[in-house]
Every structure is written in structure tokens, then in C-alpha cells.
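Following this line, the structures themselves.
Note that subunit A is present in both complexes that follow, paired respectively with subunit B and with subunit C.
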Partner chain A sequence: MVFFDNMGLLAVTPGMVLMWVIGLLLVYLAITRQYEPLLLLPIGFGIIITNLPLTYLMEPGEGLIWRFYHYGIEWEIIPPLIFLGLGALTDFGALLAQPRLIFLGAAAQVGVYVTFFIAYAMGFSLQEAATIGIIGGADGPTTIYLAAKLAPQLLGACAVAAYSYMALVPVIMPPIMKLLTTDAERKIRMEKGRKVTPREKLFFPIFAAMVIILLVPASAPLIAMFMLGNLFRESKVVERLNEVAQNSLMNVVTIFLGISIGATMNAENFLRKEVIFIFVLGLFAFMISTASGILLAKLMNLFTRNKINPLVGAAGVSAVPMAARVVQKVGAAADKKNYLLMFAMGPNIAGVIGTVIAAGIFISILK
Partner chain B sequence: MQVAFDVFINGISGVFVGLGVLYVAIKLNKLLAGREVVKKEQ
Partner chain C sequence: MATEVLVPLAGSIWEVLVEVGEQVEEDDELLVIEALKMENLVYAPCDGKVSEIKVKKGDVVEDDDVLMIIEDA
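Moving on, here comes the complex of A and B:
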């Protein structure tokens, strides 16, 4: 009977069942633990439905989710739109008040390149190694953007690894922070930054876009949208656009992003030993990035009178604002009245820009 | 391996140069746009 021939139930494979379990696990973590729920929930659901047989949802040219994926991610539409929203949500005040903290965001990219090198030595191609390394930047949209450009076959695994580790920032970072700092260092109280004028905040996105794009043209799609979103915010004359970029638009693209990423993770693509390596290397990248930010802060303290609390260096990984909140929490555990959150936001935002620059450099050399 | 090493060196130095130039841009921005408010406050 034709009905039975076309029934999906008969085409289920053990690999698909395993993928359902993985999808359900992500849905569970998103709902009960609230681990990056805005993304892990649609990703988990996307994994489940793409691993239902005979749906052809990811059939090139035909499938519904394939269209979301193709026009949203392959055409590089969605990650820049998310950056537009992030720019509209970002206050650069902390960075402008203490610009020296920008270098902590640069140091945190060391993990990206160290992991790139190790992944290549382990047998991944240059493009795949770059995509794995960028997980260390802890920036989901940048990871997706780079993966779509250099190694689309790793997109699902790298995106899930990046968002998982971002969700696990409060678990992964504190042991590294405590290991690399003394109690006295954790108690360092930083001097308050100067007052930043509204005009400085208004000029900054224009200057920053020009400077970064002139240096790394390949970073233009992400940086341009990031700074445009911030210009919406700081200009104070396009409140409607600012509001849409921060909320409605961001929410809409997040839906399409999440389900598209989940749908790339079919059993044949995902159930490979390389995926385990990606998760291990991604975690390693993230840990090295955290450590290198702290170590640079300690190094800077050797040459400056106005000391930096080295914990702030850990916020150089992007993961905004979670990493900064963790810095505040660990700092407050050493000294209740030490408020590090505003200081940590500087390297945190610098980390976002640093990860985009790192991705731009990968693209310009390896594409 | 040579290409990987080149990417490694170019990448790390590129990120520091990129953010270093941004640091200079922030300082210039302060000179250009940070003054006005100080005058007003005086």
C-alpha cells in the first residue's frame, strides 16, 4: 500500500533516534536549566524535526527549513541582523571610560588562534580549524557567520558548542579565574573611569566602523551592522528603529537562526568522532581565552600604577553580559563591596569586536 | 603547517593591531568630543 510505503515510521534509523535524544536534551536544558533558551530551544526542536524521516525539510531547493538556512545563513543575512540588534543593545560607555581595557578583549582571542593551530595539527583542514578555534571567542553569531563561510559542514556542531559554552560560563570560568589569581589580586579595587560625554558615544560607532573596516575589510558585514545598531541607539533620533533592532527584528531572526542551525544537524553529519573533538577543542579554546585575558591583566599591572583587577581580564571572551556578571560574582566573593561589573563590561564588549576581527582575519586569509 | 603558522601569527598580531588602533581612535574621539561637556560644566 502506498500509504505504508510513504510512512516515515518505517524509515527511522538508530542514528535518528540518537539525534532525537540530543534534540530533546537541548530542549530540556533550555526549559529547565534556562541554558541560552532563546537559541537552544529552537535548535533542539530543529534537530528533532530534521531527523524525522522523509520530511525533506532540508532538501535543497525544496525544503522549508532549507530555505530559512539558505537565504538566512548561507546568504549571510541573519548573523549581521543579530549584530544590528546587539549594537542597539550595547552601551560603549564602559569601554570609552577605560580604553586600556580594550587590550584584554584582544588577549582573549589568543585561545582562538592556539586552538586553530592545535585543530589543524590534529588533521582538520585550515578552514575547519579556524571554525573550531572561533568557538573560543564565545560569540554565537560570529561562529555561525565564519562556519557558513569556511566550513558549513561543521556549522551545527560549532554553533551548539559555542552556545553551550556561553551558557556554561558561570561553571567554566570561575575555577580558571581562581586558579590564576591570588586572593589579594581578586580584592583589587579599580579606580572609577571618567565620565563619557553623549557626543563621544555618538561619534564612536562611526569612528569604530571606519577604523575596523579599513583594517580588516572582511569584518565589514558584522562590524557595519553592529555599529549601525549602536548609532541608532546613541543618535536618539530613531527610537523606532532602535526599538525594532533590539526587540522585534532580533527575535524574528533568532527564530530562523535557531531552527536552521538545528536542522543542519542530521544523523549523518553529526554522529561522527570529529564532533567530539570539536566540543573538546571548543572548550579548550574557551578556557585558554579566559586564561589569556586574566594573564594580560596581570602583565599590565606590572607597568601601571592604576591597577587592574585581573578578574576583569576573564570578561575578554565575548559572552555578553554573562562573562561580566561572573567577574562581578567572583570579585564580590573576595570583597563584598568590590563592584567590578562596569569595569568588566569594557573588555566584554572589546571581546565581541576582537572576535569579529579574528573572524575577519580568518576569512581574508583562508577564504 | 607553514600556512597555519602564518595564520596564527597574522591572526594574533592582527587582533592586537586592530584593537590597538581602535584604542587610539577612542583617545582621538575623547579629544574631539569629550571637551565640550567639560566646558559646559565649567
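Moving on, here comes the complex of A and C:
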């Protein structure tokens, strides 16, 4: 009889079954639609596994996945390692060629702050509101990093929301972009920026790390690793490290990240009405961020002769490089000989850094 | 008069869609440049005959490199 008592089948609750469906849905979307499969696939599987009863996989101090979660995410190891890889993958050339486009990346953080205040007004704690707002930056690792620090109970929901909206960038952004721009604006062809020298690219990560960390010390873990990765890339003398940071290391930590996030989503944690609010508010944040980037570009056009195509402003949300690709597509739909992709990469990368700085400010104020 | 077709955005040549000697019209598709995992078409800037193609599939190209030359008829 002991065997039967220890069998999981009898301890299954309706909530668990619903979570299996959610987990399966994510696995399905990852495979058939290729929605962020590198993350949503392990997250979906993690959700299913964690909602099987009596496994103790997430039991503090003993569960296997709890250990991944505790040492990887709670100890803040994995998100900074992902940033190391992102830094190694990032070419700052587009940003340095047109430094004024940095402002568009900053403008796209408006959604983060607007949503922060709305979520707080709706009754979420300050820490929870900050974690929900950061979804608007559309940056997965930053969302996870901030959630682990400020509101671990929301981590799973916020991470899934962030990665879902990143996957839905091609669906969510174009209507907003078309609504806020005229056909003539979408046809603006931008002048090429100046040529960026290898020396500038080499010094940039060192200089940027110092400036940003001096201003917002709480952003140091993510910014330091990001800029180190970029220094690997631009120094050209540590190709082995550059390659490992971009590929193998990133892939290894992605596995542990995905399964751990999925495993935080047990039925009693996830099936609450707050989670619906998180998804709605996260989407709202993301839409506001898209719009504010476009609107700032239009504002800047009032004062400059060298016009900016306002579509490029939408790329200030960090989802790299999906947002930039969408800008290219919407621009090419208006004028097929207009190539906005590289111009959009500037705000896109500035958006990543902007979101990290926003997270750093939240941490220093709210922690 | 010869018109140079320049690289509109840096990337690598994914596919060349025309051959030397071919007649093209303005806005015809000439080649595909891959950048950021995205295929970008490059269109003919004018009517004419392709007299020289300076790149081949797989080449890495920078902004404003010459891709091909089109001779006006």
C-alpha cells in the first residue's frame, strides 16, 4: 500500500492539469510557430514537470531543479552570463555611427515607467510593479534578473510574458507603427552615418561600462558582463573566449534558465488573477514603449535637418534583432528600396542598455 | 553611361539573381543580401544591361561597396 500512497496520480489537482495544458501550449508554440523556441520549449516542459505531484523537484535544499534555480537565478549567475554572450554578439557600430539614435532607445523605456505607476495604482507592491513594468523593455534576461531580486513570486509569469511578447513583436508592433506614422514619414530615407573605426569600437565597451556603472552602480552585474563580452569581440585577440561566450556558454546557461523558470510556475503560484493583470500590463508596457520611441523620433525631426525615419524609433524596445527586422519590413512595405535595418539596430541596442539602466534604477530605489 | 549598384546595407551575398549580359529594368531584383538573418533584396537603380558583377554568393560586403555595373542601352 505504501507504493500506492506514494503514487503521484492520486495527488493530481485540477490546477495541475490546467498547468499541463499551459506547458503543452508553450511547447506547441515553440515547435510549430517557433516562438522563441530556445526558451519557451524548456520553460513549457519545466511547467509540466513541476506540476507533477510529489516530485520535490523544487523542494528547497534538495530538489534538482530547485538547485538550478537557486544557484543559477537566485544567485544571479545566469542572467549576467547571458549578457556576456549578448555583448559578444553585439556590434555597436550602428549605434556609434549615429549616436543621436541613443535617445530613441531611452524613449522606449517610457512604457516601463508608465506601467510601473499603473501597476502600483492597481494594488501591486512597488517591487512587483517595477518587475511588471520592465516587461515593456522586452528584454528577457533583464526581466528575470529584476524579478529574482524584487519579486521572485512573479518571476515565472513575467518571464513568460516577456518572451511571449518578444516572439509576437512582428504581430504587435506593425499596427502601432502604421498608426503613428504617415506614408511620407515611412518613406524617409536616412543618410548614412559616419564610418566607425575599429579603435572606437574597441574603446567603447570600456568607456561605456565605466560611465554607466558610475551613474547606476546597481546595473553593474549585467552591464559589466555585457561590456566584457563586447570587449572579447572587439579586441580580436581572444577569439576563443568570444566564440564560447556567444555559443557554448550561452547555450548551456539557456538550458538551466529555461527549465528553472518553467519550474517556478506551479499551479498555486501561477493560477491567480494577478497573472492575467501581469500579461495585460506587460503588453500595455510594450505597446507604450513602441509608441514612445516613434513619437520621440517625430519630435526630433522637428529640430533636425537630417531626418529620422520615425519607424526606427519603434526599435527602441530591446527585442534584438526582431524589432529592427520589423522596422525594415514595415519600411520596405512603403518603399522597397529603403533599407532601415542597420539604422534600426542603433536604437535597438540602445534599448537593451536602456532597459538594464531602468532595472538598475529600480533595484537601487526599491531593494 | 555606366551606373554602379552600391551595397545598401552591410551583410553577405545570399544569392545573385542576374547574369552578366542580362537586360534589366529599373526596380528589377538583382541580388539578395543577408544581414541579421534577414534576406534583403537589392533592386536595379535604372534600366540597362548588366556589364559586370563584382560579387559572388557568400561574399561579405560593406556599405557602399560596388555590387555590379549596369550599362545604359
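We adopt the following convention: the second predicted complex is superposed on the first by the 367 of 367 C-alpha atoms of A that agree within 3 Å, B and C clash if a C-alpha of one lies under 4 Å from a C-alpha of the other, contacts with A are read in each partner's own complex, and residues count from 1 in each chain.
FYI, a contact is a pair of C-beta atoms (placed from the backbone, for glycine too) under 8 Å apart; a residue touches a chain by one contact, two chains touch by 3 or more.
Worth saying up front: this structure is predicted, and the values here are computed from it rather than measured.
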Exercise for the section: Classify the contacts of A:69 with the two partner chains as first (subunit B alone), second (subunit C alone), both, or neither. Expected result: neither
Practice task
Could you say whether A:212 touches subunit B, subunit C, both of them, or neither, answering first, second, both or neither?
Solution key: first
Practice task
Kindly classify A:337 by the partners it touches after superposition: subunit B alone (first), subunit C alone (second), both, or neither?
Solution key: second
Exercise for the section: Go through the superposed model and pick first if A:199 touches only subunit B, second if only subunit C, both, or neither. Expected result: first
Exercise for the section: Considering only touches as defined above, state whether A:83 meets subunit B (first), subunit C (second), both or neither. Expected result: neither
Practice task
Return the chain, subunit B or subunit C, that is in touch with more residues of subunit A.
Solution key: B
Practice task
Pick one for A:324: touches subunit B only (first), subunit C only (second), both, or neither.
Solution key: second
Handout entry: Touched partner set for A:96, first subunit B, second subunit C, both or neither
Key = first
Completion exercise
subunit A residues where the subunit B and subunit C footprints coincide none
Exercise for the section: Under the touch definition given earlier, write down the residues of subunit A that touch subunit C in their complex. Expected result: 192, 321, 324-325, 328, 336-337, 339, 341-342, 345
Handout entry: Complex interface listing, subunit C residues touching subunit A
Key = 8-10, 27, 35-38, 40-41, 43, 63-64
Problem - Touching residues on subunit A, where the partner in the complex is subunit B - result: 95-96, 99-100, 102-103, 105-106, 109-110, 112-114, 116-117, 120-121, 126, 129-130, 195-200, 202-204, 207-208, 211-212, 215-216, 350, 353-354, 357-358, 361-362, 365-366
Handout entry: Residues of subunit B that touch subunit A when the two form their complex
Key = 1, 3-8, 10-12, 14-23, 25-30, 32-34, 36-37
